[in-house]
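Next up: some structures, all given as structure tokens.
Consider the two complexes below, in which chain A is the common component and chain B and chain C are the respective partners.
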Partner chain A sequence: MSSPLPDSANPFAPRPTPARRLEGAVSWIFRIATYFVLACGLSIFATIFWKGSATVFRAEFPFVNTAFFTQAPETLYVFEWQGEKREMGDKEFRVFREAEAAKAAAEGRPAPVIRADSYAHSAGGIFPNVVGTVLLVVGSMTIALTLGVCAAIYLSEYARDTAAVRLIRLAILNLAGVPSIVFGLFGFGMFVIFFDWNVSLLAGWFTLAFMVLPVIITASEESLKAVPKGFREGSLALGATKWQTIRKNVLPYALPGILTSSILGIARVAGETAPIMFTAAFVISDRLPWQVEKFSDMFFQGVMALPYHIYVVSSKIPQNEYTERMQYGTAFVFLFTVGLIALTSILLRNKLRGRYKW
Partner chain B sequence: MDSTATASVPRSRPLATPPASSAGAERGATLIDIKDLDFYYGAKQALFDINLQIPDKRVTAFIGPSGCGKSTLLRCLNRMNDLIDGTSVKRGAIKIRNVDIYGRDVDPIELRKRVGMVFQKSNPFPKSIYENITYGLRIQGVKNKTRLDEVVEKSLRGAALWDEVKDRLHESGLGLSGGQQQRLCIARTIAVEPEVILMDEPCSALDPIATAKVEELIHELKKQFTIIIVTHSMQQAARCSDQTAFFYMGKLIEFDATHNIFMNPKNPQTEAYVSGRFG
Partner chain C sequence: MPPTDASPPPAANIAESGSARPFEIRRVRTRFLGLTLDECIQGFFGGNAFVAVIILALITVFLFREGFKFFPLNQDNLRIYRAAGLEYVQHLRGLDESHLALNRYLQDVRLRGLQAMQVEGVPAAEIKARLAPFDAWTNAFGDAIDPVRGLAGEMGDLSVAAKEAYQQNEDYKVARDQFLAAGKTAEAQAIEIKEVDFAANAAVLRGLLPAAREAAAGASAVIEAQLAALPVFPVAELQPRLARFAELGREYLATYPAALAGMEAWKYDQPVSGLEAFQAFIFGRQWTTASFWQDWYGIVPLFTGSLLISLIALVIAVPFGVGAAIYVNQISTPREQRLIKPTIEFISAIPSVVLGFFGIAILGETLRRLSGWEGLSWLPGFPYAERLNALTAGCLLALIAVPTIFTLAEDAINNVPRAFKEASFALGATKLQTTLRIIIPAALSGIISAVLLGLGRVIGETMVVLLCAGNRIAIPDFGLGLSVVTQPVHTMTGIIAQEMGEVVRGSIHYRALFCVGIVLFLIALVINFLAQKIVRRYKVSVG
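Up next, the complex of A and B:
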């Protein structure tokens, strides 16, 4: 506006009404709330990254702590030796002690008494835990996706809208709200005791699968329903059977949505501690899952898992600087693993979504 | 347009077990015989006592105001209504080539291979043009590449779309214009060589030029197919159909040669509708 007008000439000038003032205040409240949440999230990630990277990375080549990724957790022994503070893992410490005893015997001295403080799970690495978590995720997601997608197809494509089907839907929705510890107890009673599978991979798979099933069924059903009716009608009008229609002309288009839901499922399955603590998780195991006599034994043994390991090192052991490394290192690796799985699914989904657009 | 392409194909796969006499049914003879048909959506009756004989290789138009039952009747003819819960034919019968299509020995899957359908909203699948056309054959287990290629060209020529899309057969069918999409759906339908093509307001979403092309196509297609078209446009019915059925409130009011329905209707309700006084 080049020529200034008198105030009275502008009917659109802002007026300091209460609604006007509230507008400004409200937008600030929302903004602050959002940034507060963001700050909390970032500070959690930053702490884990900062403290965890001290355990995970190394300054010299190969820049990662290979022992942390390749070894099993061990007890850490901390002691003074000839005026020097030494830290040793369980195996190393035993070798050291025997060597010193032998050396002393050769010299005709009594074996030296080494007073060491021991910290459980604070040496070695978390290789079996990563393996266990990956096995739990892959197995339970396979079970959950197979059952869940089948159930979703039935509910969305085959079932008629009867009272019974509505009841089933309601039950599924409710199941999604059941606390995970309840699933853990159910799995313990059902698979560990009743089926006599003991604490095993198999029991953990089914418990975790049942826990994510409601999410997967609901989300899969939604993505199946989002496929336009015209695709089904067009296919059926060409003489396709219902299953041909679903397989060729409905399911492929629903797949990106189903994958999105399974990303959420993966994050939950990988992260839940409660369902596996009674059914599948070992505090410590001296064998890797595939070190079994016959192949089928693999499914009937417990595994170590990342979230349960975090729980063990954080709750059962008094806090100290040595254990803290383990806690944050494990949390770091855990977040990274989940992030990697989720990223893979997102990339896969985007690829599929690009192929089917309407 | 190469309209003779599909004409030479022998009609195979009988619907159920047609009488021997039906093989050489002549043009214009009754193909679909609807008798005393009462149709219900749950407890609500949608069609009342419909009696209608639809001749072979002609274009029959169903007209009437919204909710008059014309689409419902159309969808009865290939049993698409089976997909809706609670629908039932409570009385009467629909016979195609003397076979009751609601009979116990009729598989709706086989019926729909013989009675194709083109929908109001064009619904090309989110696949390539080629895959759209071959969809019907592939689900029947046809894998022979040469055969599929032939059918694609023949069907696209039959639907007057070949010249427009022959260079992009492997691009998505959704990249076509609205009118082309609808002709693609027609091509997909004729690729399985049905006997009857049902068209449910095929031009309601198209502009006048695309509509004219589809109407021209209908003219060509009736040489080989029996066509039944539901339309809201009376001009369209007048332009492209041989006979017209007027429906009102679930009842068939009048069925006659199109010329008679528009120029010389016998029923006052028909007259009121075609002259634009209601509907």
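Up next, the complex of A and C:
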């Protein structure tokens, strides 16, 4: 609306009629609705970032709470000791109590009785959870991408357009909308019970992989389909084989689309809790996944995972100042990670969207 | 050819892969197991696609295979319920339970009266004196049911004993079969199985029918007399509630003949059809597990809970999602667009468990405080006491549904041909008229399917409802009108997540959860199917 003339002098300036005033009012309603949604979303981010950053960051070097990222969750003990309030993790508390008992024994006093309030999962860190989530994501995405991208290439490039293929495509499209808990149910019945893998990394991998499989197939096929037919025909006309055509003239142009969909798949796999609740996740496990006797055992034991840990700490323990730190800290790390993955995918897509135009 | 092509043009491929003479066609191709390289590659991709399809088919098959075995088990469950006489005794127990509910009503009235008098500043002794006639009356009302209750307890013990004996026998039979399968005949023979004589048990129970009649007649006479002599409540405002109580009491008395007729009609050996077992699941109004009396697997409370939460979420999400889509596509500047679209997509990436945590930690308490605020007390159901309820979960689910609805609706609006808009402007319509009368109707099919897919997303959501919906297994009381939204509910997804970890494998409970999973699966399929159909059917043709 930058006119060189002032509005009063502009003979074409819109006159304020009732219709225009209404239009202005209605567009304000829409504007407010939009910004309200943004405000809600951002306020959730802001709350969790604000409260979580108190746990995750430190004021002095190295600025990050290293213990939080390198230790396992522990029970927190809070007690009064010689007039001051002490907070200790499980291991530290045991050492302290024994030391005090030994001191008392040396002085000939009875061992002091320490009455401590205990809060489960409220001390230590989340290292095993991060490790578990990474393992779950890497494994399941490997399975899902291999199967999904290859299946999409077949469906889009090789398969003829028969009724059977159309049916398969429709089925895959519909499976993409099935709730994740149903996949969890399937994984539990199939891998945990039928195959007798128990609650294990392997069962989690397959459950998560099958959950994102329809999404990956659909998205990959779409990006393959978006490559113009002329590319293939030109290449075939010049005598290239089918595989050469796909490799040189289709995949390079479809890759950005496949990449974005797979990154979104990663965000989905990392963020889901329901499918791993009874297929892969342990509430607590005192060993890291690789601390096993045989290498193959690693796949047949459950892991701790970040989303499940959030579920556990938010539903199974009360909310108070001691438990809050761990809850918000975990939520912060998780939200930040998943958000970062999603942001990468969104930015990447926006950047690549304008790159190929045909 | 695209302008930014990094790979060599296809013509170079032949030169690369061929020999030094570029135009010679090689006759002999490399073959593995009689297949050319290309066929091998095709086979590899095809194999992958085949595996993927098999897996996805397997999911469906497996769900149904595990789930459908529920119905025979439930049939057996209901058969025992009938044969052991639990069904028979339940009629009497039902009378007792309804009476208990009436008593709770009276207690509630008393409590409110007490509070009202305390607010007035009446001394404690005075309050006690004023309530004394009411209390005496309440006690007499409460005691009226005692003969029925006693008899129901006695008969209940008999039938529960028969049921437990039967179940123990079943366990013994399994053990015996296992011994036999392992070849341990001696141990197998050592297991003594005495068949439960349901007929004898039924005869004993039947013999108690006259006693039951007598007890019921006695109770109903006392209750009728009590209802006729309603006391005057010391707080006048609560007197209408007592009048209402008399009404409820008469309704309750009217159930007596039906209960006795039900007992009369009971036949212990009447078979339970498969259809009944199916109906008990689909129309069952109770989901009770691990109960000493009888386990019920009825999906109605869970389904209504899911539906209630989804409706709340959609009522909030549709105006915001569609409004935002209209704003971004029609009103906003390109700069705003570039900011808003990724942000809303970003919101969709918030993991649901984090949202659930936010609901428990902050939103539940905030909403509850807000509901206590004077200015909002006109809203239905406000103020409320439960921090976690359908409203809390619904608000959070709305935030999950908004991005889905927004993205798809925005796409639909964007796909409306430009010519529509231009034609409308050319006819002198304002921007608002064009948007509301031309663009939105043209995009309506897309918007509706966006809303449907949003519903699908919400109804399948697990973590938020598990954490924030309050998890009370009961059909929400829709009689309360809109204030039903502040009740705690349980959902289909929530029950699977909550109970799956604890069930015995292969048990009826395990299979019942699979059945709930099947229902969810079917709902998702129907919603997806409808969404696609609507888009295709009502697509505006760009002719």
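Following the convention adopted for this analysis, the second predicted complex is superposed on the first by the 315 of 358 C-alpha atoms of A that agree within 3 Å, B and C clash if a C-alpha of one lies under 4 Å from a C-alpha of the other, contacts with A are read in each partner's own complex, and residues count from 1 in each chain.
Keep in mind that, in the parts below, contacts are C-beta pairs under 8 Å (C-beta built on N, C-alpha and C of every residue); 3 or more make two chains touch, one makes a residue touch a chain.
Since we're looking at a predicted model, the values are computed, not measured.
Judged by the touch definition given at the top, the superposed model places A:41 against chain C, while chain B stays out of reach.
Of the two partner chains placed around the shared chain by superposition, neither chain B nor chain C is touched by A:53. Touch criterion met: A:253 reaches chain B and chain C at once. Judged by the touch definition given at the top, the superposed model places A:160 against chain B, while chain C stays out of reach.
Touch criterion not met for A:198: it reaches neither chain B nor chain C. In the superposition on chain A, contact is made by A:20 with chain C only, not with chain B. In the overlay built on the shared chain, the residue A:244 is in contact with chain B and with chain C. Once chain A of one complex is fitted onto chain A of the other, the partner contacts of A:234 extend to both chain B and chain C. Once the two structures are superposed, chain B and chain C can be ranked by residues of chain A touched, with C on top.
In the superposed model, A:31 makes contact with chain C only, not with chain B.
Of the residues of chain A, those at positions 234-235, 238-241, 244, 248-249, 253, 356, 358 touch chain B in one of the two structures and chain C in the other. The residues of chain A lying in touch with chain B in their complex are 160-161, 228, 230-241, 244, 248-249, 253, 356-358.
Every residue of chain A that touches chain C in the complex is listed here, in rising order: 19-20, 22-23, 26-27, 29-31, 33-34, 36-38, 40-42, 44-45, 47-48, 146-148, 150-151, 153-155, 157-159, 168, 171-186, 188-190, 193-194, 210, 213-214, 217, 234-235, 238-245, 248-249, 252-253, 267, 270-274, 277-278, 307-308, 310-311, 314-315, 319, 324, 327-328, 331, 334-335, 338-339, 341-343, 346-347, 350, 355-356, 358. Note for the complex: chain B touches chain A at residues 78, 80, 83, 85, 109-110, 112-113, 116-117, 119, 121, 123-126, 135-136, 138-140, 172, 174, 185, 188-189, 192. Those residues of chain C that touch chain A in the shared complex are 1-2, 4, 6-8, 10-11, 13-14, 17, 37-38, 41-42, 44-46, 48-49, 51-53, 55-59, 62-63, 66, 319-321, 323-324, 326-328, 331-332, 340, 342-358, 360-362, 399, 402, 406, 430-433, 453, 456, 459-463, 466-467, 493, 496-497, 500-501, 505, 513-514, 517, 520-521, 524-525, 527-529, 532.
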